[in-house]
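Presented sequentially are two complexes of chain A, the first with chain B as partner and the second with chain C.
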Partner chain A sequence: MFIGNIMQKFMISFLLVISLLVNSGLVNAAADLDVNTPAISALKNSMQSRHAQLAAHYASGAIGLTADGLIAVRDATALPLKDRQGINALVAAENNDRNALYKEVAAGNGHPEWQGEVRNIFAGRWIDKAQSGWYFQRDGGWVKK
Partner chain B sequence: MLRLLSILLVVWLSIAGQYAYAINAIKIQIGEVDTPVAQLKNARLQVDLKGKSPTLILHAEVKPINEKVFIPFDLKCGQFNTESIGQVDCLDGNFTAKQVKAPFSVNFASDPHNLSVDILFNTASFSDESGLHAGENLTGQVKLAAKIINESWQWHGLMSWTKGELFWQPFYFGKAGNIFEVNGTFKSPILNVENASLIINGVGEMTGTAQINTNTNTAENIKVSAKDVDFDGLYSVFLKPMVEKSVFGNLAVSGKADWQFEIKNLEPRNFELNLRDANMDDKNGKFSFKHMNAHLPWDYDNAKTINLNYKSGHLLKMPLANTNLSAEINRYSLVSKQLTLPILDGALNLSDVSATMIADNWYWHLRMNLTPVSMRDFSTAMGWPKMQGKISGQVPLVTYASKQLNMDGAMTFNVFNGTIGMDNLKIDDPLGVVPRLHADLLMRNLDLAELTKTFSFGDITGKLDGDVKNMVLENWKPVYLDAYIHTTEGKHLKKISQRAVENITALGGEGTAAALQRTFLRFFKEFNYDKIGLSCKLRQDVCEMGGVESTPTGYIIVKGKGIPSVTVNGYTQRVSLEDLLGRIKRITDSNSKVIVK
Partner chain C sequence: MKSILSLLTLTLALTACVTINIYFPAAAAEKAADKIIDEVWQLKDGVSTPASKPAESPAK
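Moving on, here comes the complex of A and B:
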């Protein structure tokens, strides 16, 4: 009985220590999304300069934010005719930068394997930051913010 | 021609009291009509005969044969005339449907062997569901005349517009003032365009032929030719959409061009682009070619020789001088024995060049030999401090595959009376947003007097060796390296000026101090030294510093010897690279002086 009590206490302490370690591990495992490296700042600059071309298309609903942290053409008819020719290349270039950004942020945190998690956090962030009237994807459909 | 599946036809004859038995309105209702090109249903047609001239209103739902859903539309004619069988005029008309609004007038005439349609449209707008074929505010005309000979239609069409814009994926016609004139035959399902002339505002005249399969809606064979057209218009309307995702997708161009291409059975067969006095500037600033003349033929079956000449330009800021290039292109591969790119007073000679395109990606390899380029001109062109010396080098093999450039062999820069060798060079995605350069640098016998004079650092006499290993530049900025620069072994004059000591002290920031009393420092202009050395292990932005020797509290940067001598110690072991570069910039900026108080 006595030995059983000691064992029980020991087990509880052991589990406590383990849970503390695991929890602290989780705390440390939060990715720093604002980590800065020359690659990240080059990507951010490139995206920033492209944003001037994209902003009007978010507002018109021609393009929207996807659930996986990218953008997609939602309704080409909302675009001025002159912008329809280049829209696919513009979206592809933005998505190239976004994919590269998630990879670089994960690498900048020293954890390249976090790319998926970083992408998910960014996807939520882009939608949170989106202006009202912009479209984003939820459950496979488009939702107007 | 029409196969009527089921027609519910109801004709109401409205009889006016005043004119007994005169018809003043006809109403027709049609349930469903099937034609080879479209289905029509729920049609309600009303012809009103009360006014001076009859009017017509038609409401129906139409489904082109390749579409999935019926589209409702309304057609109104303010003046509707049908004086003889097979002849219909609809003047002051208006056609509306979802995404279509087209005020128009039409004259239609047909008999069993002839057909003619003249349509004038005024500020008409249309779009398909996807928005990939659309026009806005178009004012112009369409004329079509056709006659049947031996079960084949021979036709002549003309389309022109004087106002508005048109997008027909992937082509955008932003300027009005275009005339498309086309002759051909039609025998289902092949629409044969025998002779097309396209006069496009901002481009010039193009001619062409095509075979279009109307069942699959694909152009199976196309041949297009344009002579002496405007390169800017040609690029923005026709070439840009084809190269949009390549490095040539975002250019500002000018000059004159000839262009022709042929597609057979949906496969490209030949292509030719000739440029005359053309300019090409990448809007992302990666390259530019001025006064370019080029003959760029390509044929699926036969090898062709391409020639290109430009008077000047730049590639990644590297200035390019007058250049003639020639290569043989054979289907998807390109070879050239020798390509010489003059750069300032030297030249980059590329030999045994071989390139091939596989699945839209380029793979190439070549040998490289850089004949001496003067550092003075090169550094000026790159916006660096003016340097003396020459760069030259030989690289046995450069390869480019999967967006990665690899160099086997070293480049040597003969600068500052010594050499800087660059080895193990690898660049990931050199023209991308984040080029990443990997290299090792080997510096030998650099003349410190020249070096310090160039960078206005304060005079140091002596020689310097250095090794920079595992260097990684991201977007041309260092993020990883193991560097150690130090005084060259052996006997040579070693002097350091007061100003250089002050600058090295300032470089180390708060944690660096000359071992001399600062007041004492002022008595001498120059000191003797034994060794100078500085090491940096850079990881992201943090540089772990070291010197020629370690001390219990730090490291020695300048170790003195003889009289008067000076020793400079560093104490801060971890320095932010950004701070360090900021300090170097302040020091080397010749207008500023570090003042020791």
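Moving on, here comes the complex of A and C:
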């Protein structure tokens, strides 16, 4: 009886401390994700300078945003002849950066397993923020925004 | 005493499981995504400058 009482009190305080620790961790994680790691900054800069080349192709419909947070060639005939050769490399380079970005956002916050969810969130936000006239994928088909 | 110890280890093991299964902070991820996309597409500082051509399209 007495031992049982002590044990109970001990267990309760132990659980309380643990739950406090877990909770504070959750609160921190929920408050913000760190996106200022050197790796993420480098990827952002790389994508930002590439966007100068990509912007016109989004607008012409030559490329579009995919449902998995990447980009793809949609209609190569919309490209000026001079750009047709390089478009695949440009798209591949952008997708490399995007994949690395999703990985870094997850890993940089201590949860590499979040990569898929981070990708899904980004996929939705790229499309939300796209200019009207740009194309994005929905249910396997291209939709003009 | 032995039962206390075994209970302790059991609790530790259980809480370890709980901490590993931390939920995905979707709202924070959206915020992070917005921040990054705004920078990559220069949506925030491009607003005031006439650099973006689509804004100049004539009204119908």
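Note that in this section the second predicted complex is superposed on the first by the 111 of 145 C-alpha atoms of A that agree within 3 Å, B and C clash if a C-alpha of one lies under 4 Å from a C-alpha of the other, contacts with A are read in each partner's own complex, and residues count from 1 in each chain.
In this section, a residue touches a chain if its C-beta (ideal position, glycine included) is under 8 Å from a C-beta of that chain, and two chains touch if they have at least 3 such contacts.
Given the structure is predicted, the values throughout are model-derived calculations rather than measurements.
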Return first, second, both or neither, reflecting whether A:Trp126 touches chain B, chain C, both chains, or no partner chain. second
Which holds for A:Gln48: it touches chain B only (first), chain C only (second), both, or neither? second
Once the shared chain is lined up, is A:Gly141 touching chain B (first), chain C (second), both, or neither of them? neither
One more residue to check, A:Ala76. First (chain B), second (chain C), both or neither? first
Between chain B and chain C, whom does A:His111 touch in the aligned arrangement: first, second, both, or neither? second
Of the two partners chain B and chain C, indicate the one touching more residues belonging to chain A. C
Quick check on the output: what are the common chain A residues between the chain B footprint and the chain C footprint? none
Which stretch or stretches of chain A touch chain B in the complex? 37-39, 41-43, 46, 75-79, 81-82, 84-86, 88-89, 92, 96-97, 100, 104, 108
Mind listing the chain C positions that touch chain A in their complex? 3-4, 7-8, 11, 15, 18-19, 22-43, 52, 54
Chain A - residues contacting chain C, complex: 7, 10-11, 14-15, 18, 22, 25-26, 29-33, 35, 40, 44, 47-48, 51, 59, 101, 105, 111, 114, 117-118, 121-122, 125-126, 129, 131-133
Touch list for chain B against partner chain A, complex: 99, 127, 129-132, 134-136, 165-167, 169-172, 174, 240-241, 244-245, 249, 433-434, 436, 473-477, 479, 540
